[in-house]
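Look at the two complexes coming up: subunit A is in both, with subunit B in one and subunit C in the other.
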Partner chain A sequence: MRHQVILISLLALCIGLTVWITNMDKIGVMEPFTYREILKETQRHLLMVLIAELIVIPIGVPLAILATRPGFKKLAIPIIGGANMGQSIPSMAIVAIMVPLLGMGFWPAVVALFIWGLLPILRNSYAAINNINPAIVEAARGMGMTRGQIARKVELPLALPVIMAGVRVSTVVVVGTATLAALIAAGGLGRIILAGVAVSQPLITLQGAAPTAALAITLGFILERIEKWMTPRGLKAKAEMS
Partner chain B sequence: MIKLDGVTGVYPDGTEAVKEVSFEVEEGELCVLLGPSGCGKTTTMKMINRLIPITEGKIYIDGRDNTEIDENELRRNIGYAIQEIGLFPHMTVSQNIETVPVLKGWPKAERKKRAEELLELVGMDSGEYIDKYPSELSGGQRQRVGVARALGADPPILLMDEPFGAIDPITRVRLQDEFLKIQQEIKKTIIFVTHDIYEAIKMGDKVALMNEGQLVQYDTPANLLYRPKNEFVENFVGADRALKGLQLIRVKDVMNSSPPTVKADEKAEAAKERMEREGIDWLVVVNDDGKFLGWANQAELGRGETVREVMSPPAMTATVNTVLNEALSLMLSSRLNTLAVVTRYNRLVGVLSFDAIQKALSEIAQRGESE
Partner chain C sequence: MRRLIVTILAVVLTLALVLPGAGCAPAENEVTVGNKNFTEQYIIGEMIKQLLEDRGFTVNLAADLSTDIMRGGMEAGDIDICAEYTGTAWMVHLGHEYEVGDDNNEIYELVKEEDEVNGFIWLNPIWNNNTYAFASWPEFVEEYNVETLSDLAALYRQEEGKISMFTTIEFSVRPDGLPAMQEHYDFEVDEAYIMTGAAGISLIGLAEGECDVGMVFGTDAAIAEYGWHVYLDDQSFFPPYDITPSVRAEVLEKYPEIEDILNELVATFPGGGESATPEIVGECQGIWQGLCAKVDIDLLEPEEVAHDYLVENNLIAG
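Let's turn to the complex of A and B:
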């Protein structure tokens, strides 16, 4: 409850700031961006994030689960280690390296966001499956469930909340990182931020940053609801008790 | 029937966990695998349903080599109960119990009926608990559900891996008693793993004592106590084997089933006179339905008009199936040297006296010496 109050206050603050700045006459020599422009960049920003996530989820989750399978345990080190290393490269470098590889524009930016968003999903999904109490899995085997049945009926439902948390973290991180996409002419709210930097007008920068934050908060909130909804009831009761 | 023939289990890292173990468990028998941790008892059990592969030797289930049966088929016909943590936390009690029936494709109505039956069998109200989640139950209740789940598809064989291990001592004793009662009804062939010698003696028809992967002695609990095969068995059983032998005797074997009773509304004076006349120290106070109300002793009877006014309250009671060492500890914590034996509905069926336990103890000791 308190958590939600804080989120809603922050969201209101971000939207309030955006409205306040957009309604100004002039900021220095510049006119603020119009609502129309902000909306357009927000849409573009959102599109980039959603496409990146829609590619990351169906690749990252199965890949992580595969790394937990007995026959593929050797994959775990390169997959999780590689993803960890990927995260240690500055996000700006990942965006920048797209230019010589794939050129400028929307799609190279999506690829950069895909790489950046992969780690939280890989790491969470891997940990989610690996942290399931081995006694539960053994009980399932001992009762005659096949590998597939164990994965479908036991491991996946138990891991789902943690996997979904990975999706949420990934999405929120990618919303922030997507502001860098403006550097390679992919547009998005980063364009407004960069414009503010170029003319040394913090208020303009804020005009791009505030809606970005609002977007991150909103997506985070929606995904958190989905996460709760997907959590099996038996696990919720436990969380309430402890 | 389960038959192990020269079974050896070697782990991929080369550890020989089980070395040439052979024994047979008759149909309807409860066989306890007992031993210190790391002795190979759990490995032996898991080779029966092939959770761990057999390296050498054969295991026959009703005459069939278990490696010739599809492993999932095999496991669906062998109930498997482990400590309470093995329940599926995201499934309700009924979904947990219905696990194997679902795998076997039973129709829904039949599964539901079975889950309700089993829940009642393990002493839980099906209406109240069937839709609860494991996290909403106590440890003891979870363990009951674990047993019910193992019985889900009515398998002829049960494997139980320290099923009562994580439970507090009082609840454990109760679950053991109840499980023995259930076993009398269902007559399954059971392999029961424990490291607790008390539990082994109490539960087992046969006990297989293992050490360092080898079967040291396979015998009845009484023979294990009084005819230990070697020093290891003797040490494992311990010096207090006479006391442990009390586990083998139940209250019904030694209780006085026609104790002197008095009705609560009788005159205290009359009761006192009767005790003097018959030369007894106590009377059991019951009501008109034969329910146990308390104790009356001579010194206190002088202080009131009716027996009800002066009797001592009931303190502890035992049932006919309580094993003697538990009865003894109940007695030590109650005021008199006697323990009332009652039915589930608190109806008096007898009295266990300290003398009777002493007599049983000396008989056991003699038996030990003569053998």
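Let's turn to the complex of A and C:
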């Protein structure tokens, strides 16, 4: 409950800041961006993040689960290691590298966000399955469940909350990284942030940063609710007891 | 205890590496030259450094500075010599507004006069006018028969703004950038046809054919490389930015020979430090596009390019 109060006050603060700045007459020698422009860039920003995540999730989750299967254990090191390496490249470099590889604009930016968002999902999904208590799997096998049944009825439900946490982290991180997309002509809220930096007007930068933060908070909150909803009843009871 | 000592040592060592040699007293004949963080500035910084070294000075180079930091260094006395742009000095450092129509000579004279009061002596200018400009491929220019920014504006009016244009994010929002340019030349780019990105991206955008009109800077190497047509700013909308060596008055008092040495360098460029005409500016921009191309495209080191230039112009011995 307290957690929610904090989130909602932060969200209110971000939106309040945006409204306050947008209603100003002049900032230095500049006029602030209009509501229409902020809305347009927010829309573009959200679209970039959602498309990237919608590609990351169906690729990342199965790939990580595959790496935990007995026959494919060897895959784990290259997959997780590769994703780790991907994350260690500065996000700005990933965005910049897209220009010679794929050109500029919306889709190259989405690809950069895809690379950047992959690691949290891979790592969480991998850890989620691997950290399931072997005794539970053993018990399921003892009850005569087949391997497919164990995966569907035991492992997946138990792993789902942790996998969803990976999706949440990935999404929130990608909302921030997507601000760099403006550098390669993909637009988004980064355009407003960079405009503020370019004309040395912190308030303009804030006019782009506050809606970005609001977007991250909102998406994080929604995904957290989904995470809770997906948690099996048994696990919830355990969490409440402890 | 040992670990603590090692950790402290490591931190101290790191700091020693990160904080550049602070607090050395300047020796006799020692000066510090500052340059900014882009190609043309690397080259001019090296030219000044090598020329002065050849004439018996010990020169420190404070390289890769932002405009504010370089000016701050000059004001604090940490930097003795730099090559600043007339337009930057007039509008940023001296805080004036550019009046459309003021030409290269007028701005130089105004800056020279006013900055002397601040203790900075402006030497002769190099008329390379590294200002905002717009360029297109020659095919586009021929097809639509557009030579100047006025022609381009007329084309935009005719096509209702539906011609793609690429600018930096900064230019698209600066009040003296695209908004003012559209007002002055009386045209409007349709919102859906404006693309914005980081500085170098507009060049790639034009090179890759993502846009018809791309923003460039007057001395960009890509102009020479691709043979782009640069629209003539026929109504002098953009302020002139001519790179000009300036020296702190105290330093010039102590070493008055610096003035002649650097003016010798300026004299090798078109105009030779005398007054500018559009032809001289164009020629000088061409020379600088070529110098920048050696660094940006042929990937030579700025030191090397500066050295070769000084040798070719008999300023230093090869």
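FYI, the second predicted complex is superposed on the first by the 242 of 242 C-alpha atoms of A that agree within 3 Å, B and C clash if a C-alpha of one lies under 4 Å from a C-alpha of the other, contacts with A are read in each partner's own complex, and residues count from 1 in each chain.
Operating definition for what follows: a contact is a pair of C-beta atoms (placed from the backbone, for glycine too) under 8 Å apart; a residue touches a chain by one contact, two chains touch by 3 or more.
Note that this is a predicted model, so its numbers are computed, not measured.
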Clash-or-fit label for the pair subunit B, subunit C on subunit A: fit
Which of subunit B and subunit C A:Pro157 touches, first, second, both or neither: first
First (subunit B), second (subunit C), both or neither touched by A:Met1: neither
Subunit A-centred angle between subunit C and subunit B, computed on Cα centres after superposition, in steps of 10 °: 150
Contacts of A:Ala198 with subunit B and subunit C, given as first, second, both or neither: second
Partner chain(s) touched by A:Leu101 [first = subunit B, second = subunit C, both, neither]: neither
Of subunit B and subunit C, the chain that contacts the larger number of subunit A residues: B
Subunit B versus subunit C as contact partner of A:Met145, first or second or both or neither: first
Least Cα gap, in Å, left between subunit B and subunit C after the two complexes are fitted on chain A: 42
Contacts on subunit A seen with subunit B and repeated with subunit C across the two complexes: none
Sites on subunit C touched by subunit A in the complex: 166, 168-170, 172-175, 195-198, 201, 204-205, 208, 210
List of subunit B residues in touch with subunit A within their complex: 46, 49, 51, 71-77, 80, 82-83, 85-92, 99-100, 103, 133-136, 149, 152, 159
Complex contact set, residues of subunit A against subunit C: 29-31, 99, 103-105, 182-185, 187, 191, 194-195, 198-199, 204
Residues on subunit A engaged by subunit B in the complex (per definition of touch): 133, 135-136, 138-146, 149, 154, 157-158, 232-235, 237-238, 241
